[in-house]
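Here come two complexes built around chain A, the first alongside chain B, the second alongside chain C.
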Partner chain A sequence: MTENSTGLVDKEDLRETLAEILDIDSEEITDDANFVDDLGVDSLMALEITVRLEKKYGVRMQENELVEVTSLNKTCRLLTEKLGGQP
Partner chain B sequence: MNSAGWVAVTGVGVVTPGGDDPSTARPGDPAPSSWFDTSSRLGRRGYRYLPPAAQYLLAAARRAVEDVVGLADVPAARRAAAVGSNNGAATLLAGMDHTLIEQDVEQLSPATAPFFAVNVLASRLCAEHGLKGFSLTLTSPLVAGLEAVEVGGRALAAGRADMVLAAATEDRLSDDAPRVGQSEQGAVVLVLRQVAAGRAAPPGTVGGCRVRTAFVPPGLVHDPAGARQVGRRITALIRAVTGTERPDLPVHLVTDESAVAGAVMTALGPDSVSSVQPSGAGCVTPLLRLARELCDPPRDDGDGRSLLVAADEGGNLAAAYVRPVRTPSTS
Partner chain C sequence: MLIPLRGSWSMILGASSGMGRATALALSQAGSNIIGVHFDHGPAAESVADLVKEIEGYGVQARFWNMNAASARTRAELVPLVAELTDGAGPRILMHSLAFGSLVPYLPRAGHGPTLVQRQLEMTVDVMAHSLVYWVQDLVAARLLRRGAKVFAMTSAGVVQALPSYGAVSAAKAALESHVRQLACELAPHGVAVNALRAGVTVTPSLRRIPEHAEFVARAGSGNPHGRLTEPEDVAEAVVLLSGTDSSWLTGNTIGVDGGELLAAGNAWELGNGSAPRDATPATTAAADR
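Let's look at the complex of A and B:
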């Protein structure tokens, strides 16, 4: 397992997915770039991210978990946990 | 002519599949969806989530304001928007219907969901141009764009704003819509400023106009007395914008083949009508015609002043007196 992959969630694939959703270059989505402060994500786009990730990974995110969707690393960790892996 | 309801137009922006020049633009051109490239026209970071009609509106507004003088001096609270649209959200709503019927509400895209309300089409426009005075959305079939100019003019005259972006924007109808073949795509945006009596027109004025709209029950035209009533209504509109019922002006009529159109034509007098332009399924064509008369009036047709009349089968009527001068007179 590489550092970019947990086996369940490929971080680079997630980066590309987020870049596609946010309509920005994947290079802008650094591991710790804050979605709101650094990438200008508003509440609607945050919901869009959540819905698209739920579809892609086949998971359901609870409302209290959405606060974790603030950066690539944190999102990757949350998805990995949801899929039953070790973050 | 007195100054009541007379507005100066200081900027014009047009975006259509048939081109962006007001003199040659065509909103009804059949075009592949790729005719408008969101990234190159507007940029990235979420513009693609806006409904096409909102994107066209933004692109046309950027063109309209790019050469406007003194816009930065107008406080945000004194800037406003009046936007007309008949079908700006139609395709989006049809798509939402399909999603709800075939899947469920959770499959709706959160980023596009707010646009189920047609008055949200102008939200990004207002944010981008700091339009905090008011934002009105007009939806009267065919005449909503002209109505936006009328409402904008009234707001300026009432002192509710110092600058109004008056617009029409439309998107293609969905494939199963009855009038899909008459779809309009694109937007027209006019920058309106007040012309105060006795004062010079704002810098950069490309012309001026005065618009009035009205509604008549379309069933009136089914008997001769009712048809004459429709005729009197359009005559009253013409008098309201020009000061006389029979102005010595080229008359351009944008309309359909309905009985209402026939009654309007009879009232105008067929010999008095210089041109008849078929209307589309939307409100862009009449406002585009107004923009064309402002920006590119016929050189062999008097001094460029003209009267634009619009009428549709539903009884929506409009008259616009257009004066394409660099410094419109107010007296």
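Let's look at the complex of A and C:
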């Protein structure tokens, strides 16, 4: 995977979106910062992330896929897969 | 005075499942247009399109938003849209049916995972109780809760009963009922009634998330003097019934919509193991004879 993009998902744009949803500075969302342990995401914020990303990327996430939504890099990879790309 | 619901608007927070969904359907059947706020992903989000179609099938308008009803951002975005949709009159009915909280015990307990943390408790009470206050504040500020409007908040037996994983939700229900009483008094001069509806144990998606639900569903079903659990439609019918008046005199209450479940002591009202009515089983006669 290249540094900043997977072709289908612009990682910097995703970082900005997550920062806006979580109402924190985008610099806090490092590639591997854990949403729960490092960024204090609770189950309600996790649902907010899921609903917003589903809308933005036009995908549907299943319950078992949500365990992947734990960091920027992992979320980027999951979205890329869902959009039919190679992570 | 009794007044028809036809042509009014009803706003339901938590409209995509359980009691909110059933009430949206019942109110639309009674001729009310529906504003629904729900928060879903995956298949649950997909299913809302069918619900909207079903509501529209009753000849009314339905507008649904997939947003977090407990966030200030959502209120800021939706209140102007509510004003626009209702031509400035606001909703006749505001129903708070938000079920989202942390279902974990306060203290370590065998068979359970991690215990409740501060963030979870605050989130749970904020979503399931305080958000009612903020919606009412914003709707009143926008002059969208007019004389004759009804506010309903869904509480539960959890307000007086404890379950291992239900502590945070119980606390939220206690706060919610307190908010209902306070709002009832503050809204009395506005002619707006505010009541809490305490449904009995009802099998909804939210109930299924409670770890102990299987045990107490079984117990509640047999303990209810009606011999069955509460259905979401029981709650929907109560909302329609209580909304059919412009009076605000019935206000500030917690109204049981549970078939007498909370009152029934132990399992004394159990109708026996089968579905046969009591008078068809000789056991009681035999016991009395001795």
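One rule holds in what follows: the second predicted complex is superposed on the first by the 85 of 87 C-alpha atoms of A that agree within 3 Å, B and C clash if a C-alpha of one lies under 4 Å from a C-alpha of the other, contacts with A are read in each partner's own complex, and residues count from 1 in each chain.
Assume contacts are C-beta pairs under 8 Å (C-beta built on N, C-alpha and C of every residue); 3 or more make two chains touch, one makes a residue touch a chain.
A quick note: this is a predicted structure, and the numbers were derived from the prediction, not measured.
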Put chain B and chain C onto chain A via the superposition and say whether they clash or fit. clash
Would you check which partner chain A:L47 touches, where first means chain B only, second means chain C only, and both and neither mean what they say? both
First (chain B), second (chain C), both or neither: which does A:E63 touch? second
Where does A:L22 make contact in the superposed view: on chain B (first), on chain C (second), on both, or on neither? first
Would you mind checking which one, chain B or chain C, touches more residues on chain A? C
Of the candidate stretches 7-15, 25-33, 61-69 or 169-177, which in chain B collides with chain C after aligning the structures? 169-177
Pick out the shared contact residues on chain A: the ones touching chain B in one complex and chain C in the other. 40, 44, 47-48, 50-51
Residues on chain C engaged by chain A in the complex (per definition of touch): 39-43, 45-46, 66-68, 70-71, 100, 102, 119-120, 123, 127
Within the complex, chain B is touched by chain A residues 22-24, 40, 44-45, 47-48, 50-51
Chain C contact footprint on chain A (complex, rising order): 40, 42-44, 47-48, 50-51, 54-55, 60-63
Which chain B residues qualify as touching chain A in the complex? 44-49, 106, 109-111, 114
